[in-house]
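Each of the next two complexes has chain A plus one more chain, namely chain B in the first and chain C in the second.
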Partner chain A sequence: MEGSKHSWKAWLYLLPVIILTLVFTVWPIINTIRIAFLKDYSMIGAMGGKTYEFGFANFSKVVTYKRFTTCLKNTVLLCVLTVPISTMLALLIAVCLNAIKPLQRLLQTIFFLPYVTNSIAIGMVFAAMFNMIGKPSSPDSVGIINNFLGIFGVAPINWINVGSEYWANLTVMVIYIVWNALPFKILVLLGGLQGVNKQYYEAAKVDGTSRVRTFWRITVPMLSPMLAYVLITGFIGGFKEYSSVVGVFGENMGPAGQKGALNTMVGFIYDSLSQNNQGRASAAALILFGIILVVTMINLYVSKKKVHY
Partner chain B sequence: MTAAHEINLEQVKARQKVVRIVVKVLLYAFLGFMALIVIFPFYWMIISSLKSLEEYRQAVPTFIPTKGWHFSNYAKAFTDGNLGALFWHTAYVGIVSTIISLVITVLAAFAFARLEFKGKNLLFGALLATMMIPGELFTITNYITVTRFGWLNTYTVLIVPFLVSVFYIYLLRQNFMQIPNELYLAAKVDGTSDLKYLWKVMIPLALPSLISITILKMMGAWNSYIWPRLVANDEAHRMITNGLRNAFTESTGDVNFPVQMAAVAIVSFPLFLVFIFLRKYIMKGVSRSGIKG
Partner chain C sequence: MKVVLQNLTKIFPSRNKKTPEEQVVAVNDFTFEIPDGKLVGLLGPSGCGKSTTLYMICGLQKPTGGSIFFGEDDVTHLEPEHRGVGLVFQNYALYPHMTVKQNILFPLQNMKKELMKEVDERREAMAAEQLAAFNAANGIEDAAADAAKVPVEVAAAAENVAAEGITAENAAEVTVAKPPVFRPKLPARQKMLKELMLDRAYMAARLVQIDNLMDRKPSELSGGQQQRVAIARALVKMPRVLLLDEPLSNLDARLRLQTREEIRRIQRETGITTVFVTHDQEEAMSISDLIVVMKLGVVQQTGKPQDIYDNPANLFVAKFLGTPPINVFDGEVKNGALYVGEDCLMKLPGIADQPVHVGIRPEGFVLDKNGPLHMELVNVEVMGRDMSVISKNAAAQTPTVRSIIDSDLRSEIGGETVSFSIKPNKIFVFHKETEERLY
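Moving on, here comes the complex of A and B:
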């Protein structure tokens, strides 16, 4: 074959990719699994010739940490709250966008705007909007969100300042993450909607099918591959939530005086890394990977049964 | 009988028309409301960045600065946050890593799309499989690796570990494969070298994908936070997002918000420009990747 004579060329072209992948992707997979089983493995210690005991010590230690369970709880809560809310909202917006003609382009552009932003920077804007200025007991300004709620007679809420409550912090994070997640989901779902054959809708119209029934019997099944895609990537992204919390709360990962109250799994991994306990970080990363794998498997299993291709 | 029937029909038609109009109004009201929510943070960022601190702290908020437009907040943000230096570091990392990454990606995609060699499908499959593994798993060992290489606090550490993106190789390979093989064979008969063919035929035809990759890669550098914070958070290499979060945060809660918002606006501005002028390239890349930033 003509190609095989020149196959050395192909390998030459692929050389940079292969070398870089071996060093920065393949080796990390092997090594991270290895050090996850070495008790309290630290890079500095290993460089000094220290040896580490093999076993499940890192895993059993990690899961008993209160800090870890807080991170796990936060991550799971953020995930189960934001993924369904943002998916439903995105579906609703996409269906509405698909039903209008004038202004469709403009609105579509507006809804895509949050995609092209820096999640730290806009997180700081959300923090500013929810912030009270001055003392929480007698603030100069209660912040623009509280001002809005005030119109409806809601008393100012301490969202993210000193002494704020967990549910308030969580609400801010859910709002920000949903806001941030919408554009991608709308883009994918609207693309799907525009691909649905118009004849189905015309047939439904002739039969006098109600709008609600048309939505559940035609739109949702036709969109199910995109919905499955959006849900799966949403859950994967949700379990890796981190920088949005940094955006709103800073590296403190919680309101002032409650360090780490809103920390996430990824945050836990980086904390362990910067404390030079690579063993613990690896164990936590493997646990996170396991969770993501199981959730994705469940998602795929469910979508296999429900998705119409 | 027929007369009554006709009236009935008229009524039904009129009712249907009313329903249609009501539905339209509701649709636009809902979309308009959601659009306002989506836009509001951007509006608030810009408007706050132009207020004086005194006006910002007012109990009754203003929606347009009433006490002068304080453009000086931007100058202050720029100098206080040392944004000029951060901007330069980020641009350097973004440009260098984009150029090298494009070369590597094009060569690999070409090999996968056009050349025949043993183990091609196996290698491609293995590369695709690595996409499923969350990046955090790599970060830990990569941190150890770059420390051992002595790369901490250098530009190398910000560039080299992220040069290969399997997704970009995949995207470009798909693109290359759409170009008819006959073109390649004809070029071979003419004695054109692979690289010349790549440069003269394939790259121009795949230009939209290459632009998408360039934009996404530059945005990646602009928005990267976690890795730079870990390995190169020194004064000489700090990237823009890291500098932003650290420079304008005070644990006492006594932040000069207008200046902070000005800094946020400065960081967001290039992204808006990209959004306005290059949106279609981003959407093209995004709708196939599903992974943000």
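Moving on, here comes the complex of A and C:
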């Protein structure tokens, strides 16, 4: 066959990529799986010639850790809260943006700004805004959010400082993550909206369709591929949440005095690595992988039924 | 219902504020009355403002000036959803994610309120019938009178089939006639509404013969089937006015012929006032009661198709109507006679001497050895009953001139030249500059 004569050339061109993928993707995955089943594996120990017992010890240890269950709970909560909220908000904003003509470009740019800003930096700004103390020099002053709420007669809330409560911490995180996730989703959905033939809307209008019905019966189905994409990537990203917590709470991963109160799965893996317990980290990573896999499969299954391509 | 367009004008402003003269006058001072129940063909070349006119009638575009009346109502500023029009788009605009059935049901679901009224009326009628039958069966006197004034409450009380259906009136009867109690047996309102909508959807679908395709998606239909779905969707709400924007443009020649007959049939059956946009003059002539010929936003002529064909108002209309098209010559009026080249075709008293356009319909040529018009023979195409005689003349504005002649006369043709006399009702004379009709 003509193709096979030249196929060695194709392989040659692909070689660099294949090598890089093997070294930096495939091997680490295999190694992670291997290490996950080696009890209390540590690289330093392994280099010292130590051997490790094979089995599920890492997994059973990880799942019984209280710290791990906290991380799992935080991750799932953040995911379940932020993905639907941000998707719905993004859809709403995209539809509104699409409906207006003047200032559309300007607003589009403004909504896109968070996307090009460093998330740690944004997190620090959020931390400042939600702070209990406004100016260190005047002990009575509060942060901008509490100031704002004060207008409506709401007493200052301890959002993120020492002794703050879990729900307050979580609220801040949800607001931050939603805000951070919006631009990308708006961009994708707006792109989808602009691709919808205006005549469908004109036809609906001539037929006397109400706005709400037009939205649910025409806009949403027409956008369903984009919505599915945004939801699936949103859930995957949500389970990998980490830097947002670092941004708001710093490496403490929680308010002062409650270290790790808002830690996430990825945070747990980092912590294990920094404690030189690669075995535990690998097991946690595999669990996270499993969760993401299952959720994505469910997402794909649902979207196959609901999405109109 | 008649539709009146009064001085309708649509101007699309220039994109660039610095060059306001670049504005597009898509429709210019359009005045026309579409009589009730007629099919009107809106005809003109591409970009002449046909779609824009249609969109103004349905309300998707607001006129820059002028007004639109449906019957006696001024609808100029009414939103499209309140106009009660059905529109078939140039490219159908079927909702791709819905089945044919859902597409046709869609407009009905928007008018649930009105349909519910119909349901309630039916329920009342059914209740009345049942009451009459009940009274008759139980030998209750004055049954007819009772049945005639079955109160609305009967329907309301019968909301649930199982509910006790005793109303004030038959409660009184119950006390008199004792045992049997009247209970109207009626299906639930929502169920009846659903059935009513389905009935109407299937009725519309049968009208355009797509009732066997109801569960397909638009992408699984041929162009002609999609078009019929679009018509069904427009018809199902029983619009006051039906608007069709080049509905046949995507179809092949045979289907086009078939579908235009179908549109004609549907329009006749429903009696809905219809506006049909096309740039195909044959299509417009064959199915319209009236046609409107447009050019660059300006109405050129309105009237019955045959009248316009026989009496074009100007050169544009004469050229636009008719296949094969009219033959146009450079001519001259001199001393009360019409000349084409050296040939004097006819006397034209009362018209000042001037250069003119002379239009002669292909069927206006008569073979005549002594005829006044001399042509150089190029070719003869015999096609059954008729033949096309293709000839040349220096004064003709086209390289060749086509005339249609009875093919029985073909033996009379031969040699280098051919001579014609002209039927006087098939020749038109137009002003050289204004192109208005002179004769």
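By our rule, the second predicted complex is superposed on the first by the 288 of 309 C-alpha atoms of A that agree within 3 Å, B and C clash if a C-alpha of one lies under 4 Å from a C-alpha of the other, contacts with A are read in each partner's own complex, and residues count from 1 in each chain.
In this section, a contact is a pair of C-beta atoms (placed from the backbone, for glycine too) under 8 Å apart; a residue touches a chain by one contact, two chains touch by 3 or more.
None of these values were measured; they are calculated from a predicted model.
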Clash-or-fit label for the pair chain B, chain C on chain A: fit
Partner chain(s) touched by A:16 [first = chain B, second = chain C, both, neither]: first
Vertex chain A, arms to chain B and chain C (CA centres, degrees, nearest 10): 80
Contacts of A:59 with chain B and chain C, given as first, second, both or neither: neither
Touched partner set for A:235, first chain B, second chain C, both or neither: neither
Touched chain A residues, chain B compared with chain C: B
First (chain B), second (chain C), both or neither touched by A:205: second
Which of chain B and chain C A:197 touches, first, second, both or neither: second
Contacts of A:37 with chain B and chain C, given as first, second, both or neither: neither
First, second, both or neither for A:114, with chain B first and chain C second: first
Which of chain B and chain C A:68 touches, first, second, both or neither: neither
Chain B versus chain C - smallest C-alpha distance in the overlay, whole Å: 5
Chain C to chain A touching residues, read off their complex: 58-60, 79-83, 85-87, 89, 91, 93, 95-97, 106-107, 109-111, 233, 237
Interfacial residue positions of chain B with respect to chain A in the complex: 23-24, 27-28, 30-31, 34-35, 37-39, 41-42, 44-45, 48, 56-61, 104, 107-108, 110-112, 115-118, 120, 123, 127, 130, 133-145, 147-148, 160-161, 163-164, 169, 194, 219, 222-223, 225-226, 230, 241, 244-246, 248-249, 251-253, 257, 260-261, 264, 267-268, 271-272, 274-275, 279, 282-283, 286-287, 290-293
Chain A - residues contacting chain C, complex: 197, 199-200, 202-210, 213, 217-218, 221-222, 224, 308
Interface residues, chain A side, partner chain B - complex: 1-4, 6-7, 9-11, 13-14, 16-18, 20-21, 23-29, 31-32, 35, 43, 47, 89, 92-93, 96-97, 99-100, 103, 107, 109-122, 124-126, 128-129, 131, 133-134, 140-142, 144, 147, 161-162, 179, 182, 184, 187-188, 191, 211, 229, 233, 236-237, 240, 242-243, 246-247, 250-252, 256, 266, 269-270, 273-274, 278, 281-282, 285-286, 288-289, 292
